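Below are two complexes that have chain A in common, paired first with chain B and then with chain C.
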Partner chain A sequence: MKQPAIIVEGVSKVYKLRANRNLFFKFFANQHKSKAPLEIQALTDVSFSLDQGDVLGVIGGNGDGKSTLLKILSQVTFPSAGKVSLTGRVSSLLEIGTGFHSDLNGIDNIFINGTLLGMSKKEVEARLEEIVEFSGIGDLIHLPVKTYSSGMTMRLGFSVAAHLDSEILLLDEVFAVGDLDFQAKAISKIETLFKRGKTIVYVSHDIQSIRRLCTKCLILEKGRVKRIGEVDQIVNEYLQNNRPMV
Partner chain B sequence: MNTKKEEQWDLIIKPRAPFFSLNLQELWQYRDLLLLMVKRDVTTVYKQTVLGPLWFFLQPVLTTIIFTIVFSEIAKLPTGKPPAVLFYLSGLIVWNFFSETLLNTSKTFTENAAVFGKVYFPRLIIPLAKTISGFLKFFIQLGLFLLVLSFFHLFRGLPYTFNAALFFLPVLFVFMSLLGLGAGIILSSLTTKYRDLVFLIAFGVQLLMYATPVIIPLADVPDQYLWIMKLNPMTSIIETFRYAFIDAGSFDLLGLSYSAGFALFLLFLGMVIFNRVEKTFIDTV
Partner chain C sequence: MVEKKYATLIDANDKYRLTQISQWLAYKDLLYFFVVKDIKVSYSQAYLGIGWAVFSPAIRIAILTLVFSKLAGIKSDDIPYPLFCLVGILAWTYFLNSINTATSSLISNHKIISKVYFPRLFIPITPLFSKLIDLFIGLLFVVFFMMYYGIGISDQLLFFPFVLVLLIITTTGAVLWFSCLALQYRDIKYAINFLMQMLIFVSPIVFPANLVKEKIGYMAYCIYGLYPVVGIIEGFRSTLLGINPIPWDLLFIGTISGLLFCITGFFYFQRMEKTFADL
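On to the complex of A and B.
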């Protein structure tokens, strides 16, 4: 019997925009002419549920609410209405290398980044060797991160992220890092993560990776759930409706 | 679908934040992050500088020298029984701790917007780390003060005047930390809405120093201005600090209780506002 891991019920999100309050600006600009909206409805009544071990791929165009959904699940922003219930430790990867400090060396940054993502210091210590090894940064790990190339920084960030052991992972297209060799390594690492029985929500534009990695698929359109179901069926429908313009 | 009761979930995300919530259990879970942040703050402040940790000492030493020359030697302002150097140095390290804690914690949201937008952790970790790293710096400066103090005792014949008020020091330290932290998180929350405050805070804190006995002993303040000094919750803390070490200042239980009450009130108010803002901040950057 599968246990529910995530239940999303009627979640909506409205971003309220603030008018410019600069006194001088108000005086000079004729605000009646402005047609800019004061609200953006990013999500409308989104509901779905995931069991433990489900891997959900979320697809949709730009501005359809994918990132907002991930941000709500990871508590970075809060829903305007609705409710989300989660079981298990949640780690969200909306960005790689969050909180890296350029003056600190690789090791220090692994610790800060790992604890930011919800690991304890002990857990980071236990995986430290593996993380350094996987990043392929070698002895440079003892130098400040500002001496790294941007690709190396990304690889280090990815390595920390790939060694998270939370029950729920929220991922926002984090694969395209490093050179080709590292990308291949990263993808196989992610695949083993995906197959370890974790509950994963994965946002991506890459339909192929969704088809390969996910068990379920959700299509967002203008902030609403358009379709949700088994991955093959949904992806096929999606591809038929959105033929790439060649 | 919804077979579980609310208590069975580890986490429920809902729109409205409760009026006051202090999730100590969660803070405890992130204690490693707190310690690493403190370490980061302490080790990176003076990186890239030539003098490095010497800056911990240079700043109070130089200010004390200037104050002694300008206020004591030239303007002939009284400093009571103790030597002017000790009088200014004692006031300055306490005041600097407060003002720096306030300044640093007031930047919580503006400086960490990028991280806050990408990952969740109890936001309170950031101002707490700033307060603790500030306190470590204060502790080092306290060592400097004690060194200078023993110099005066040993070589300048300054009589030993330690007294029971020393036992109050831990209490003083707690309340001056809470004052800085409380005021800082209130301001950090308000700056997300009113950016003007960024400019106001920076020199406001400098001006506020003149409403403390850092430069003029409370005993020498004319009656018509005394109430302003007494309204400042840092006043009785600086007074007690001096009273304990250098036979200056005063020991006023009523004043201390006022500071304690003020600190707890600021902290409570700060938590309420901070709690609200941390949930909405990312949407309004």
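On to the complex of A and C.
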């Protein structure tokens, strides 16, 4: 039996850019009053719902609101209007290796990054060996992260993220990490995650990976839902309208 | 099946999100690692400066003793002046360092804030825990000085935890207000710098709070007590050293204003929290 995991109802997001960020002038010079804050409408009345186990691919151009949508779902930012309800534990991966500190060693960073992504200390401890093994960093794990190459840092970050066990995963394009070998490993790892019955919202420009991994697809255009439906149909329509340069 | 306890509801009309208390519990391990990270990072560099960490307060206390005790002739309520000063500096340093670290913390951690969800409150309150280490190391010096001057422990020490809690509550209020304001108004750090420099002179670090009572009157003394650090510093002195009675009047007034400061800071933080990623 399927039950809804994510319900989004009439969500809008307006970013207000304030011209004046200076308290002194606010009190003593009153100069900001004439300027109304510049508003950017990032999302307008977005509604959709996903059942448990649905994998939604979100496509759209730059500035069409894909990242804003993910940020609202992951509670990083708050909607200006509307409601979202999420059933299940949520983990968002908008970036690899969030919160890494270069002076601390790999193990410390796994714990910080893991708990930041919503795991408990126990959960990280239980998966620690697996995470280190998967990252392929080996004995260097006990050295400060500043001694790692940028690829190694990314691999470590990816390994932590890949061992999350939440029911809902929110992913921004996180595939392109590490060397070719690691990329292949990463993609197969992600595919097993996708097939484990998790509810996933996946934002990407890579139409091929959306076609391969997702069951549903949503097109955002200028902050509005343009189309949502079964992945093959939507992707085909999208490709016909926006012929990619080959 | 999905467990019921992991249901999240985001509603644009929620002003305060007090349901977050369950979130703090769910993320408590993160707070632990934030604190561990803070301590590891600051102490991995600190061992280089360990000599200075002992040397500079020693010189500071020597100079303060010379200027305020020997030259200005300030009485220190029958407490040996260097010890009087040391205890005051100890409480003040915790207050100052927590505020200095926390004020810029939301700005320096903005990258994490804009990428993942976690209780934002943990960022400014992390220094409240990590700076306790410095405070306890400082207490060892107090013990050393007490032995040197032959001052024993009194039963007033039982109330030290209460004063310490008041210090933490007051500092919490300050870090919540300041960190939040600093993120919104980028010039606030100058104002806070200035404020803290003024507060050094207002706080009874180099002089006893009793001086206010003697010179101006009891009314002024009570108003002075509204600044919670007054009661805290005098409370530190009386409970640790046991030479003077505990100033319950100052502590009472300070607890009320400190709690108010903390609670309003908490609500202000809750209210602003959801805009943090957009600033």
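By definition in this document, the second predicted complex is superposed on the first by the 226 of 246 C-alpha atoms of A that agree within 3 Å, B and C clash if a C-alpha of one lies under 4 Å from a C-alpha of the other, contacts with A are read in each partner's own complex, and residues count from 1 in each chain.
We adopt the following convention: a residue touches a chain if its C-beta (ideal position, glycine included) is under 8 Å from a C-beta of that chain, and two chains touch if they have at least 3 such contacts.
It should be emphasised that the depicted structure is a prediction, and the values quoted were computed from it without experimental measurement.
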Inset, instruction - Superpose on chain A as described above, then tell me if chain B and chain C fit or clash. - result: clash
Legend entry - chain B versus chain C as contact partner of A:85, first or second or both or neither: both
Inset, instruction - In the overlay, answer first, second, both or neither for which of chain B and chain C A:136 touches. - result: neither
Inset, instruction - Figure out whether A:52 sits in contact with chain B (first) or chain C (second), or with both, or with neither. - result: second
Inset, instruction - Kindly classify A:94 by the partners it touches after superposition: chain B alone (first), chain C alone (second), both, or neither? - result: both
Inset, instruction - Determine, under the contact definition given at the top, whether A:4 touches first (chain B), second (chain C), both, or neither. - result: first
Legend entry - Contact residues of chain A, present in both the chain B and the chain C interface: 15-16, 71-72, 74-90, 92, 94-95, 98-99, 101, 103-104, 108, 111-112, 115-118, 120-121
Inset, instruction - Can you check the complex and tell me which residues of chain B touch chain A? - result: 1-4, 6, 8-15, 17, 29-30, 32-33, 35-37, 39-40, 43-44, 47-48, 114-121, 279-280, 282-284
Legend entry - For the chain A and chain B complex, residues of the former touching the latter: 4, 7, 9, 15-16, 18, 49, 71-90, 92, 94-95, 98-99, 101, 103-104, 108, 111-112, 115-118, 120-122
Inset, instruction - Spell out the part of chain A that touches chain C in their complex, as residue ranges. - result: 3, 5, 11, 15-16, 21-24, 26, 52, 71-72, 74-90, 92, 94-95, 98-99, 101, 103-104, 108, 111-112, 115-121, 167
Inset, instruction - Quick one: which bits of chain C touch chain A in the complex? Just the residue numbers, please. - result: 2, 6-12, 26-27, 29-30, 32-34, 36-37, 40-41, 44-45, 111-118, 181, 184-188, 191, 274-275, 277-278
